[in-house]
């Protein structure tokens, strides 16, 4: 839509007109989309592994809420969705040349994104000390209920071990690499924010904002899938 | 150099000749295709080599011939695929294992084959089982069904003259069945790279006449067998 | 990567390069696609050499088992080849590293890195890649990967020895293989290399879609561009699958997760599925670009339009697609569900059809042509004839029952060298000898070129053809001393013969090396359009053209790339840029253009 | 031009907030649904449907796919069959 609005003015948001018509979007946007396709395949290999291993060894995996803290992560999911909204808001703002809006919404996105990573770190820490670890040898997760019951974890130790090593391995690999993507996204956002401070983006050329937006929403999209199949199924 | 031949050594199992027949079929088909293509190629090269004053003909293609040389190979290869299907199922599909076959357990580990016999009661996992190392002895006139298991890495149970090969995968049961067509001693090899000793993971398969087989079994029964295979150099 | 992707190339419209650049920006961190292509070329040729030398060691052990390696034998450590006598674990490492260097560090960059960079912008009439800086990155990411892989020879435990397919659990746990650090380096190196491939692929795809010169419609693209474009898609979608697998295997090897380890209920077969789901598209990544180069050379050197251009394009596309649904043919004997085996057998064997189309179209191009036998053409013709052999041997293995017998024997080794050397590498030689003048402004010596070709061609067949027969006698792969099997002892003569041929083959490559470097400095100066070619790169002034490729601005394209011997033209070729109204005049100036700059 | 871009932009500004609401509700719905005592299959299917639906919304509205040229849709669709092929084929193994 907006790109059409700009197309009239032959600005930076449309492909270089000197060439044979191609995808009808500017190079960097096309490049980002193409790159995201390869990301799809990357997550496919990780998520696919999880699906297959879980299908092959259901006994290794616990029901939702037994080991993982769904409430906490539900909040985290909420955060990530919010950050997507703030991101599009930033984009919408600069489309209208609203510099202040751009900076504010970018800042918001960064803060929320960072919060997501932070909460995930906390989650990992608690899970690890509850015995839910990737390394097969040390795996001895006994389930949240048991932990809340046995205070010092003493009672927890007697409770039966939940799931198996494949659970920890797949869980940390998938969520870990997603977390890494979020962190990279936050760094890029900071970079974009700095450029925004310098006023590098205008209504006519805000490619940087659109690109990081695409990436950010993709990461959000991946999380939507992950949250469902890892925490809820 | 004396072994430079496209013929297969005479097989020694019931499926052997069937596999060989398929092989020779494909050898003929591909052989003809090969000669035809290469001869035509050379012929063109000679006939249309550069000569002064001759210009190449301005031809972009010819739909008719293109359809022909697409359709013909398609028919041929599909025939090959169909011709292969039933034989493949007969050999690999556990459902096709003859019910009357003698069941033997083969446990692979770096770098040896341990062969466990059901003993007189024909039942694996009972007290009268006995195990020999790096050799498999079977009677004529009765199919044998191997249950293949591995203790460490992937190996591959290979009996060249039976034309049979099956990977042995840790944590997984694989099967192989065969019926010998002649008595004798046949080599067994490991065909999957399994580590430093891959090369020396050899064994022998001895096909006894039914009577001699019984005597062999009886020899094995009382005393635990001495490993007959030579230790690796 | 996101950072680069999101922020690089705000100067894509490259005004920054028009002033004179310093040495570093010109030769080291150049963003000029032609220089990057040259960097890839030199580096990957060195890796090709290394791969060849490793093959030499492999062959020595097989030809003269247990005998000390001559001359250099003393140089080896006691953990590899004490006194020059190769140890089994070292043999495994040699085979693994030979294949790894050849496939990932030689052939892949030689095809995609070199020709993707050099040809795509020049042949579609673009000033440069869509993302020049990302392009530089893609080369420099691959360098540390190479160093890590090399380093793995020197860590204790030696280099990875689980085969280039790194089957778990052997590769997942050092208890089984005795190799820990080496395997880790192997995994990390290939992971890094993956980033290089993906950044490259993103660049190629974007460039081809969005930066074709006006008039360069999809069906006027030269076939190398088509091949590289589709190959880029394969890279883009296959590499990440491998990366994911490598990472999980790395965790198994380091922090003791159990993805592919049986004791923890991991699934060894899952690794094979992941690897081959990448692996088979990978082998087409290694052949499609070569097919593209060869199509160009054959059409040009027989002065005749390519036969069935559209069919050729469709064939490339369908090979690429079918390549995604055949991976199971590497796993027929793996214990995979036999019904799945049947499906994979059928899909695999169907690939013969598009391959047939290509083969026959090449021959159709030669038919009634005006064939010039220069070095590039000889290599291109070798490609066609050798690819047919490699492809036909593929049919044996595609028939699952026959594969039961020949799987993991030298029949496979023969097949893969016929397609990879006879196919990919001859294609690369054709490409190098054909575009050398455009790259370095000088011709390669035709005489040396022909000597190199004939020696290579004969020796190569002497090395690999008998391997079929070894396989048919049941000679397994990856065994370091066949004589340990009585039934293989009669084959020693053949093995020794192969080894001697291999040494001839390896040494004849010296001629190529000499020709390559000598011509670079002392070769006869190349005229503007030495092959009288139609495609844009030859009409771009300069060998190679300066920054921006087309000083006169983006060229306009008026026709397809293979209008040779067209009645419209007085000459026997008709370049894509010549406007219809100028056709009857001699097509292009033949004297070197004043604009020759040469980076 | 900026002014024009303004009006244009305001005109088509996509329903970001509405989508946000939908996503939120569906997330809550998912969490609720996940703890119903249904057979596992039903849970799995239902949840996947909802998740994919959410994902599509994000792609269409937040990633603006809805307003992109159709040919980009084709490009984006390329990996999807491959994803299915891999997972389905390997699942038949176990």
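So that you can tell them apart, the chains are marked A, B, C and D in the order they are listed, and the count of residues begins at 1 in each.
We adopt the following convention: contacts are C-beta pairs under 8 Å (C-beta built on N, C-alpha and C of every residue); 3 or more make two chains touch, one makes a residue touch a chain.
Because the structure is predicted, anything quoted here is derived from the model rather than measured.
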Chain pair, C-D or B-C, that carries the greater number of C-beta contacts: B-C
For chain C paired with chain D, centre-to-centre distance based on mean C-alpha positions, whole Å: 38
Whole-Å gap separating chain B and chain C, where each centre is the average of the chain's CA atoms: 32
Rounded Å distance between chain A and chain D, as computed from the means of their C-alpha atoms: 14
Chain A and chain C, separation of their C-alpha mean positions in angstrom: 36
Of all residues in chain B, the ones touching two or more other chains: none
Multi-chain contact sites of chain A, meaning residues that touch two or more partners: 23, 30, 34, 37, 40-41, 44, 52, 56
Residues within chain C bordering two or more other chains: 237, 241, 263, 265-267, 269-270, 339
In contact (per the touch rule at the top): chain pairs: A-C, A-D, B-C, C-D
Chain A contact footprint on chain C (complex, rising order): 1-3, 5-7, 9-10, 12-13, 126, 130-131, 134, 198, 201-203, 205-206, 209-217, 236-245, 247-248, 251, 255-259, 261, 263-267, 270, 274, 553-554
Chain B residues within the chain C interface of the complex: 1-9, 18-19, 22-23, 26-27, 29-30, 33-34, 37-38, 40-41, 44-45, 48-51, 54-62, 65-66, 69-70, 73-74, 77-78, 80-81, 83-85, 87-89, 91-94, 110, 150, 152-154, 156, 158, 160-161, 163-172, 174, 187, 189-200, 202, 232-233
Chain D to chain A touching residues, read off their complex: 1-2, 4-6, 8-10, 12-14, 16-17, 20, 23-24, 27, 30-31, 33-35, 43-44, 47-48, 50-52, 54-55, 58-59, 62-64, 67-69, 71-72, 75-76, 78-79, 82-83, 86-87, 90-91, 93-94
Residues of chain C that touch chain D when the two form their complex: 233, 237, 241, 267, 269-270, 273, 277, 324-325, 328, 336-337, 339-340
In the complex, chain A residues that touch chain D: 1-6, 8-9, 11, 23-25, 30, 33-34, 37, 40-41, 44, 48, 51-52, 55-56, 64-65, 70, 74, 77-78, 81-82, 84-85, 87-89, 92, 95-97, 202-204, 213-214, 217-218, 220-221, 224-225, 227-229, 231-233
